[in-house]
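In what follows, structures are represented as structure tokens.
One chain, chain A, appears in both complexes that follow, with chain B as partner in the first and chain C in the second.
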Partner chain A sequence: MRTGHYKETYGELIALSDSGVAWAWVAALAAALVLLPLLVGNYTLSLAVSVLIAIVGAIGLNLLTGTTGLISIGQSGFLAIGAYTNALLATDYGWPVWASLPAAGVLSGAISLLVGIPSLRLKGLYLAITTLAFSFIVNYVILYAEPLTHGPNGVFLNDTTFLGLDLSSDRGLYYFVLGVAVLVTLAALNLLRSRIGRAWLAIRDHDIAARAMGIDLVRYKLLAFAVSSFFVGIAGGLMSLQIRFINIDVFGFLLSIEALAIIILGGFGSIAGTILGAVFLTLLPEAIRIVLSLFVDPQAPAYTKYIYEIRGIAYGIVIVVFLRFKPDGLIGLWRDVRKYFANWPLAY
Partner chain B sequence: MEYFLFLVSSGLVVGATYGLVGMGFAIIYKATGIVNFAQGELLMLTAYIAFSLASSLSLSLVPLMIVTIPIAMVIGIVLERVFIRPMLGEPLFSIVMVTIGLAVILRGVTIMIWGPDPHEFPTGLSTQVVLIGPVPFYQVQLYGLATLAAVTLAAWAFFRFTRLGIAMRAVAANEGAAMLMGIEVSRIHMIAWALAAAVAALAGILFASMFKLGPTIWFEGLRSFPAVILGGLDSVLGAALGGLVVGLIENLAQGYIGQGLREIAGFVVIVVILMLRPYGLFGAREIERV
Partner chain C sequence: MSVLLEVSGLSKRFGGLKAVTDVSFNVERGQIFSLIGPNGAGKTTVFNLISAVLKPTSGTVRFDGRDITGAPTHSLARLGIARTFQNLAVFKHESVVANLLVGMHTHLKSGPLSAMVFWGRTRSEELRARERIEKIIEFLEIEDIRDATVGTLSYGLQKRVELGRALAVDPKLLLLDEMVSGMNQEEREDIARFILDLKEQLGTTVMMVEHDMGIVMDISDHVCVMNHGVKIAEGTPAEVSANPAVVAAYLGTRREGVLA
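Moving on to the complex of A and B:
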């Protein structure tokens, strides 16, 4: 256990990390991520892209649900808005990706204010139901506003490039998404150590007390909605870049559940936890596929037919088991392990 | 006029199933304070079980309901025991999340058992149209309305007159005080789940025999949210009325405003209700405004 590191200034207290070891590990991770495309094949690389996109979206959700305590079970709606904005601006209006992707985030954030307004009056379950209703309304509007959104036909994305990176190749897309994920992670970490992040935490823990301490609830709740949905919209835009063809079926209710499962698995309110959760949950179907292929033929009709159900069941089990046995998620597990080794051989 | 009456009648019929599912939501919310997101999946599972019973025993509609209800109640009790009881004392949010997890598990398991193809639900009823005044009804639709009426009446009598019903209301009003008065709260929770599963089974059987039994029938649960929000989350009888109203609104919106509006009219109602009158028409006003 580290001892004797006294914090003497406010700046030291809110620094991202005061440990050189931690920074060294982060540097190692960064190097590994940059080198990854040289070491693995395209399939693994596209999995990595999925993980990174999940990280971006889940960080957005965690800022809202984990940090501010506003429950949203309608994330698929914001993902759909982001994906469609990015795809339509790029294909129908010829916007370059450096403009269409931020636009996806901004539009998603702006629309989230509409959902945020009821949240000023509602708490907990009622808010959750509003967000759910909202996501269905979004899907309906996209499906029926055919002149604008191509309706049931979906949208095909053209090949795009960004600063010379070919985003239609796995490697180009990987570096692009990696860059965005790093930016979003840094933005979220820095938000959390600012006045805004502390205000959000205060609202989550006790909103009346927060208000008594001079936090403008209207402003900070709406800000939480806007920032969170901005990130989720960006994630949606990245999804459209990855899958290249989007239609409304992609954004079903299971996607919202997946987002919730990620932050439950990772740990509420923790960015590091969100990253862990996104990595594990995105790779979970893959792990199931590998395990099952040991026992049954992966081409067997029974398996391919029920792939969606198996995934759903896996998410459900993750949610139930973690909430029951480890409510602070993987990051809590990691803290326990670290504490155990730091205190070894004494238990506490 | 005929078109209007047709929309009203079919709206009321669909609304009856919303009302039944909504009553399930309200029973669990009233007794335990959680919204059970797995209500639609309870409906799905019990409807599929009823389907297997109906095809193997060739029961007609009413006996089928009577046979399915006890099975559904056992399922409700088991789910409460295995998934919800261990979460006692955890934050509300976690328990609600567990019901969401439970929902996807049940959905997946049901589809894996009975397969993804829709089935024609055998009801043994004639498809002859019955005219009530100028409005044509199918027999099964009349059964649906009658079931809602019967269940509503039974629920009213149950909560008004029986010892158990009064105990449930006591638990809803104040769990701690109810416990001090000698009411076994955990047993009340269990019974609430059993009752919710029973009404879910009725709604499932009716819905499947009016339309089809398919793997998307769980969505009926989410579609019933507007009913219970309109009635007030803690008002069991309000949910029944809310169901009828939402069924009407959906059908009229579809018929007069635009294609596909049936799918979301209810959700628009949710957003409007929650902004204007969050406790619904009959719910207790305990929304805390911060």
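Moving on to the complex of A and C:
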């Protein structure tokens, strides 16, 4: 049993993980991720890129909704801002990706303060509806600000490179997105073990007590919006790099539901859970496709026509089932399993 | 001794209900000051006014020589006022250590960028915070539950965690609202001992609302009695318990007297 382990230094106490086993798994995972492009084809690789992008976006949402308790269903709006910022800066203004991608995050973070300010007074459902309305407004602005955004015509991305990596190749893009996802994951883990992450959790659990401990609610809620939307904006920028042509149809309401489903499936407030949730949910349509192809011809028009609806239904089922039966998500399930085997063969 | 907290003419109305009416008292540095009174007397409301959870209808609160009436709630921890709540107000999904660390919030400085990198200043201040938290854990004798999720602990232990979180603020004035209610006799004695140790070792000024008359009479330096929102008596434990108005107030609400 891994209980009652003894720490010798305070450094061990604040480390991300004190377990050698955990670090060994991380090392194995890192090696597998680096070698992946040598092992699989382009289609699988582009699925992996989708998973990594979903991780970045869902980590952003989880900081706001899972950690700080501010429910947002406006994710698609911030993804759109990030994607358009990156695409337009790159295509129309010739910015290199090392500048346009951070700019996508910064602009998304800055605009989030517009939603963040009403959030100081709104809670729960009211805030959720505000964020939803916001995402619709973003879509309208993009559609009608044609001189700036190309409106309904959408934006094509030029070929870009980063430090010699060709981002228009599957392999180059994979390594680039992997690097960003790793940085975002580390940044989020670090935030959560700092005073800032603790302040967010305190606000979620008991806002009056949080204030009595000296936490300025206004400041930390706005910070949660800004940091969360910064990461979501980056995810949007990465989406534009992957799909190469963006228009407003890409950023539908389903994206917001997908992001919410990921963090509910993974477990509120948990970064490891978010990663699990993103992997499962991004691969879910793929699994559905494979299962359906056993029964119907995947080229059949009925299939392609309804795939969007099928995905929506699948996300809905995931949300309802997990909220009802496993509110702490896959990561909670994992903890239960580990606890069970720690005590095995003795029952609790 | 000098005055640390000066409450004057404090009143609070909730609509038509006068919860607190024209209450004044001084708390001296290093004192254990008890605020007592029957249920609904307005004690918690006085705490909420001092700790700026509520804004007074009229009156002033001065702390450490400055007027803090109407100050934002979150500014008080930095000035040196920490409190616990009558109803548990812990962060119940977090570990004991995480709860205590929230109490250190105002002593830590790192901003979002340095927190994301978690190196240099952030790392060293987190180390220092963790070290200080260990001292509090030791003081409160909760070593064996430091990694437990607070919501899973017994009521008495959760209260103790809440006390620890307030201590992490390193307060000059500690406000304890019915710390021992719901605790067994042994836990009550522990808390009484902690409060005395705080006073003697750190010189912390403690203001407590308490229904346990045994503890009030044993450890208080000064007692203030309220009933129906007004102050009815004030003095040493002996003076207060001999006061006919106090005895009457308690007899009016319960069969047994204050000294029963």
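What we mean here is this: the second predicted complex is superposed on the first by the 341 of 348 C-alpha atoms of A that agree within 3 Å, B and C clash if a C-alpha of one lies under 4 Å from a C-alpha of the other, contacts with A are read in each partner's own complex, and residues count from 1 in each chain.
The rule is short, and it goes like this: a residue touches a chain if its C-beta (ideal position, glycine included) is under 8 Å from a C-beta of that chain, and two chains touch if they have at least 3 such contacts.
Because the structure is predicted, anything quoted here is derived from the model rather than measured.
J.: Taking the superposition on A as described, I'd like to know which of chain B and chain C A:Pro96 touches: first, second, both or neither.
T.: So A:Pro96 meets neither chain B nor chain C here.
J.: Once the structures are superposed on A, label A:Leu191 by its partner contacts, choosing first (chain B), second (chain C), both or neither.
T.: second
J.: Scan A:Pro152 for contacts with chain B and chain C and give back first, second, both or neither.
T.: neither
J.: Between chain B and chain C, which one contacts more residues of chain A in the superposed model?
T.: Result: the larger residue contact count on chain A belongs to B.
J.: Pick one for A:Arg211: touches chain B only (first), chain C only (second), both, or neither.
T.: A:Arg211: touches chain B and chain C.
J.: Go through the superposed model and pick first if A:Ala128 touches only chain B, second if only chain C, both, or neither.
T.: So A:Ala128 only meets chain B here.
J.: What is the contact status of A:Val227 with respect to chain B (first) and chain C (second): first, second, both, or neither?
T.: second
J.: Please write out, lowest number first, the residues of chain A touched by both chain B and chain C across the two complexes.
T.: 208, 211, 217
J.: Of all residues in chain A, which touch chain C in the complex?
T.: Per the touch definition, chain A meets chain C at residues 10-11, 13-14, 186-188, 190-191, 193-199, 201-202, 205-206, 208-217, 223, 227, 269.
J.: Can you list the residues on chain B that touch chain A in the complex?
T.: Answer in residue numbers: 34-35, 83, 86-87, 90, 92-94, 96-98, 100-105, 107-109, 111-112, 116, 222, 225-226, 229, 233, 258-260, 263-264, 267-268, 270-271, 274-275, 278, 287-290.
J.: Could you pull out which chain C residues touch chain A in their complex?
T.: Within the complex, chain C contacts chain A at residues 51, 53, 72-78, 82-83, 85, 89-94, 98, 101-106, 108, 110-112, 115-118, 122-123, 126-127, 130-131, 134, 165, 169.
J.: What part of chain A is in contact with chain B in the complex they form?
T.: Interface residues on the chain A side: 71, 73, 117-118, 121-126, 128-130, 132-134, 136-137, 140, 143-144, 207-208, 211, 217, 253-254, 257, 260-261, 264, 305-306, 309-310, 312-313, 315-320, 323-324, 327.
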